[in-house]
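Just so it is clear, A, B, C, D and E label the chains in written order, and each chain counts residues from 1 on its own.
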Amino acid sequence: MKRNSWKEYQKQIADDRYYYARSCIRQNFFPGSEKAFIDILQNDLGRDLLDDPKHSSCTGIGYHSDIVPLETIMTVVARQFALMTEAGYENFVASCITSFGVYTEVLATWEEFPETEEKTRENLLKATGREFRKPASLAHTSDVMFHFREEIARKAKHKLVNALTGEPLHVVEHIGCHYAKIFPKSGIGGSEFPYVLAGMIESWGGQCVDYPERRHCCGFGFRNYLVQANRGYSIANSHKKLESMAPYKPDFIVANCPGCAMFLDKWQYAIAEMEGTTYGENGHGIPVLTYEEMAGLVLGYDPWALGMQMHQVDVEPLLDKMGIDYDPAAKYLGRNGKYIGKPASAVVNGCPPDTLYDMRE
Amino acid sequence: MKFYAPFCLPFIIGATAMFAIVLGKWLVWLLRLPRADKMLILRGLPSRATFGAVGEVFCESLLHRRIFRVNPVLGYMHMSLAFGWFLLISVGWIETVAHLGFRYVPLQGHVFFKYFATSLEHKPFFDFAMDLLLLFVLSGVALAWGKRLRSKALGMRRTTKHVLGDRIALSALWFIFPARLLAESATCALYGGGGFLTGSLGGWMHDRIGMLALMNLESAAWWFYSSCLGLFFVALPFSRYMHIFTEIPLIFLRRYRLRSGEKATSYDRFQLEACSRCGICIDPCQLQSVLGVDNVQSVYFLRDRRYKMLRPEIADNCLMCGRCATKCPVGIDLNTLRLNSRNRLRNLPDKRRYAYLKETDRSQGSGKVGYFAGCMTLLTPRILQAMEQVFTAAGEQVWWADRDGGVCCGRPLKLSGETDAARKMMRYNTELFRKHGITTLVTSCPICLKVFREDYALEGIEVLHHSEYILRLLRTGRLRLSHGDTRYTYHDPCELGRGSGIYDQPRAVIEAMGQLLEPAETRENALCCGSSVANTAISDGQQAAIARSVAAELEATGAETIVTACPLCKKAIARGATKEVHDLAEIVAAHIRR
Amino acid sequence: MAKYFDMLMEDVRFREGLNSCMNCGVCTGVCPAAEFYNYDPRQIVSIVQTRDEEAIERLLKGDTIWYCGECMSCRPRCPRGNTPGYVIQALRTLSQKLGFFAESEKGRQQLALKRIIGDNILRTGYCIVPRLVKPDLHPEQGTVWKWIFDHDKDIFPQFTPVYMRHGAGALRRLDEESLGEIDRIFEVSGGKAMFESIERHSDRKARELGYEEGADQRYMMDVFLNNSNEHY
Amino acid sequence: MASINFGYTISKPRAIDVDRNNLRRSDEILHEMPELQTCIGCGSCTAVCTAGNLTEFNFRRVHTLVRRGEYQGAYEEMNKCMLCGKCRLVCPRGINTRGVVMLIKHKLGDL
Amino acid sequence: MKKVIIIGGGAAGMQTALRLAERGIEALILEKEAEAGGKLRGWHALFPTFTPAEEVLTELRRRIEEKKIEIRTRSEVRSLTPKSVTLADGQRLDCDAVVLASGFTLFDAAIKEEYGYGLYDNVFTSADIERMLNEGRVARADGSAPQRIALLHCVGSRDEKVCQQHCSRVCCITGVKQAMELKQRFPEADIFNFYMDIRMFGPGYEEMYREAQQKCNVHFVRGRISEAAPTLDGRIQIKAEDTLTGRPLRMSVDMLILLVGMRANDDSAALAESAGLQRSPSGFMAPRDHFLHNVESNVEGIFYAGTVTAPKNIGETLNEAIAAADAAADYLNE
């Protein structure tokens, strides 16, 4: 792709010493990804990262469901910063895109309306007795991964290429709306052509797919998913995206937002159950990866250690394409290799999982 | 005496076919009439209406009195053909009786009597009389030929463009009487006799043409004559000449109070086929005279409808100003036929339509007098304001039906053909009027006025146009106006004048305030402003062109102010005028004396 | 008197989000909600900038303001620097303060959101925890999720040492002190007041709607599940 | 397909999709009434509309939708019009609005 | 003989020089490009008469030659004072007054990233279309004829996001003109103009707009395009709101034409600073006032002609050049 404009949207990404804030959705649905991020940073890249047990949710989902007032979320954010300050860190990294958006928005609001910062400090002090310094740098964890993309490429065990043909894999990158749409300058590449995932994909040998609904929201829409009556909206947006990308035959989707990755995966299941439509090859869905999983695969992590068995859409076709060695039988094993049964079969998986991975055979 | 020769065949066949078809048509139309219409006929037959009808048939079908009124030369042409032919037939019948007494003579015996009567003694009186009548008819034929060639000489700017069937019948008709002259003259040449026409021509032929040739000529001439008649008769029921016979029952039915309505009935067939396509309706049509549109006028509309080839764009393209209807010699109810054609094209009964009309009462005030501004008045707030001043000056307690927005009276929709849907609006407004207990309903819109009077069931509520209402206020002294020296001219709105017969009241009101100058075409002949709601086919530019021509005629009176009594006319004419255009109410409001 | 408009102006998001709209429609053109609801963010901004109190009240009491998914796609495109999404947030906040949210079907759903997400934040320190995503209320989460849900104690510990326990790592149980701090933050900064307003007005509305027990579990499940399908 | 009761269905897009819409009827209408294309969207017609005063009927909106190939419901909407003709008098482009109403109803009546 | 230096050899500069020559004042035109003519070069036809731009330009050049007015090309100005102009190479030219007729810069459509100019093959600017019209071949990137074309108004105008809050005025009529020219070449094509307001400020413009609608059946959709994206078959999918119906609108087009606006030259800030000239918020030079001294700068002896002060059409530019020349001549004769 001829996009060069991303170079105009650069931001400072700290090189070391991160204060890590977990994501509600990512730890729920992709706990392996958060683990992989920490492992990659600490083990593969040798960076310092603090996983503070005292930090909490940013309450962004509540904020964007409008039940948490702005003043409250500002104070929660201030508490996170206070924890960081107390721990002696100043580079804040958030695992969640919604959180990243919230932190950016809160900092911008304090900038624009200083009285709100005053009020927040007052509230925080009153509620917790804590005080905070604003972070020197604020980044999303995908920014950090982007920052180290070349270093990771150098250590790569696998590339994003079809191991059989040598062709680059076609990758749909999906950027969470709150990554750059609220503050285009806060995202690498801006809001129109964000480069944060594209940069990783290109560095690791893949090829990005530009399809008409590339910029469209996955459809989470907070209250639009969280309340069952509204989910028709949520699924319809993913449906629109999937319909739009399917003709390009992507090998997989990668998202930097935990919600997007979860929804693009799960809605494929629901659409298949509702309409019988699957979007990938041979009646399978299109695998949806988090960027941590993508990085993990590139660095040679075991897919099941990355938690890829927790996806609804099977990732095996992708693993096969990339020539990754994995143990099919180990996919659905519990702790310590304990057999705990398997998920029921679903239309999106093409054929029932029982027939493929029954270890008792 | 034998009354048959081979050449009679075309005539016999033609005449038989014609009578069979004509009678058949009438029978079907009569049988298909709605029950109520049939009752009207049964009740009318034994009444004085029948006598009146006979008289009218004589005056109109034979003498063409109405055409005379429009155009004497044209009247003479039609009379000479119709009445002349009628006399030829009746006098011919008397001649037969005079020769043979009251005995059965077949039809061809009467018609071709000259041919069969060669052996009989000549009666110079009849020879003379019949020749005189033939000359009378031939003079009409000559005029008809002349009209085709030079219509302007007969005072018509345009004549009808005819269809093929008409052309055949017309050509046959043109040759019938010259052929008769030739045939009778040839017989006279061989056997003597004849009057000043046939006798003289016969003598001349006798002197110049050989016997054998003459015999052949005679035979050929009678064949030709008979063929012309036969051809004409066969063509007649399918051509415009059907009017010759159709007008007669039409006159009777009309006398029995049968009328066309918004729904088509078989009575319309009598009207349709009574049109002679004389084309008199073309000239008054402003679409023709101003815009040069020449395929939509009533004559073409009736023709297209009769032959079932009516297209919506023709049916729609009519201002329904009624100027043609006032001129129609047959008195066909042209606007109503146009309307029920549209009804047939568009009316789709739909129960759900206008369901929103419930609970929309936005009327204000209370009083025995209700004022319905109408949509167009709401767009011309000065009229509304003026009416308010008039009411205040007269001390009238007024219930304002629609000052804050109301429901349309329904006439525009009706005029477009959606008659059933229009009824819903009419019912809604009727209920509204009843609910507020008014006894007088004043409107300043003639469009509303006409529909209130004709289609609303408003028994007990007197419906007045504001011109009538204002005049009444003046006459009862409740309103006093100052008289100035402004010269006004008045434009008769179609729906008010020709539509509702209100010509004098607005004039009387104007004269109470200043001098009134009449434009060249006025009252029944008044022009239409061009923006009539009845026409959905012409463009804005075309409307403006008509408005300019109307304004020019009004301004030519030298008046300082153009007055009209319709909000739509006011808006329309103002587009084309250089002088001020006002509604009557505005002028009145400005002249109120306190 | 511009009562509602002034109240909106107290919200910094409203001040930031509303400059002057020229009705170009760029926001609606990309809006995912406009695509699937009878919704037009341009018109919302256009209405509030007229300062027509009646119109604003209709918005506060109506369904429209609740369609937005807060994806903020509208924000980077606006040629006049407005943010319809912020305006929506301000309107929603005010609607909840005034209790107007309970007047519309979509607004009433705030109760469900408060009880599911809001209460969970105070209970766990996180918006969502695995036990909250019950397969019967989230059928779209699929068969794999059901398998995870049913075997959470076997699966999650593979990725975190502290599943539902204290310590550092994913899906840990937050320590009591931190939870206390969050609770006090909500107390001090108006979060609790907002929750209370949602509960109170929902209860009032529930009784109005004929729920004799007020905003009970049955009412909550009804607002959570019911869709009149009149929103498209 | 499994018969799972999700409790909702995939919402249908509401956008005007010009690629999907069949513009044939719209082209026919514009062919017969090219002046309709000169609409500048000023809304005068809607402002004076008698039916629009009583309902949500919006003539400008409906004919614009028809021009984009969105015919669904246009006939029913146009049926709210009372054909009073005020719009025609105020249209700055002189569009024969009553003719437009009748033409659209005529062309879309059988949908 | 007094001498005036005119900075800029476009329509404004040439016309100013001609008028000065008429008033007996020596004029020197400095043109930074290799050839004089400014933006008229490369433009195809002028609205609303479809007069070839070449025709106007040729006539201006002929007159310049006739009057033997010197044009110094490839001469970029670094700074100026009322009495001297310093070129980029450091050379200083003395004079008695300066007329700044340096025109405008076309907005770089690539900055509006969401439209994908420079990324997607079938996204063009109005300037590209003029060039293609001049070359006699308008076509899609693959050479095929377009079946559906969208023209987007206000690209780089009235847009806070790209710091161009002003209206460039001429793009509306250019959009109408190009729609008609394209319709003429591709009678079967559907052409859609996406606009926010149609600003037909000049004589004959409104009539042209109406003709485009009624005679050429050009569709006008009120709504700014939100984004453009490529489709698999090389077309461009656009999203907008049809604001008059209040619904989002999608379509794919064979060509997307961005009607780019006028912006102040990049060097205007530096020039303004060197001479102490005031600029308007839009970045264009600010005249002393907008009514009685609209061709004069706030610095005595420096005058403005043409689009250096604000977007203008050719006719206005030529008129203003005469006014500027007269003002300069009057100043010198005082």
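Quick note on the criterion: a contact is a pair of C-beta atoms (placed from the backbone, for glycine too) under 8 Å apart; a residue touches a chain by one contact, two chains touch by 3 or more.
Please read these numbers as outputs of a predicted model, since none were measured by experiment.
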Subject >> Steps needed, at minimum, to go from chain A to chain B via contacts >> reply: 2
Original post:
Out of A-E and C-E, which chain pair has the most contact pairs?
Top reply: C-E
Original post:
Which chain lies at the heart of the structure, taking centres as C-alpha averages?
Top reply: D
Original post:
Between chain B and chain E, what's the gap in Å when you average each chain's C-alpha atoms?
Top reply: 65
**OP:** Can you check how far apart chain D and chain E are, centre to centre, with Cα atoms defining each centre and the answer in Å?
**Re:** 38
Original post:
Quick one: chain A and chain D, Cα centre-to-centre, how many Å?
Top reply: 44
**OP:** Two or more other chains in contact with one residue: find those residues in chain A.
**Re:** 192, 215, 228-233, 235-236, 240, 270, 346
Original post:
Multi-chain contacts in chain E: which residues touch at least two other chains?
Top reply: 114, 222, 227, 239, 242, 246-249, 252
Original post:
Where does chain C touch two or more other chains at once, residue-wise?
Top reply: 30, 34-37, 76, 139-140, 225, 227
Original post:
Can you name every pair of chains that touch?
Top reply: A-C, A-D, A-E, B-D, C-D, C-E, D-E
Original post:
Which of the residues in chain E end up touching chain D in this complex?
Top reply: 190, 198, 210, 213-215, 217-222, 239, 242, 244-252
Original post:
Okay, in this complex, where on chain D does chain C touch?
Top reply: 4-8, 11-15
Original post:
In the complex formed with chain A, which residues of chain E make contact?
Top reply: 110, 113-114, 118-119, 227, 229-232, 237, 252
Subject >> Residues of chain D that touch chain E when the two form their complex >> reply: 14-19, 23, 30, 34-35, 37-38, 40-41, 60-61, 64-65, 67-68, 70, 93
Original post:
Quick one: in the complex, what on chain C touches chain D?
Top reply: 34-38, 139-140, 225, 227, 232
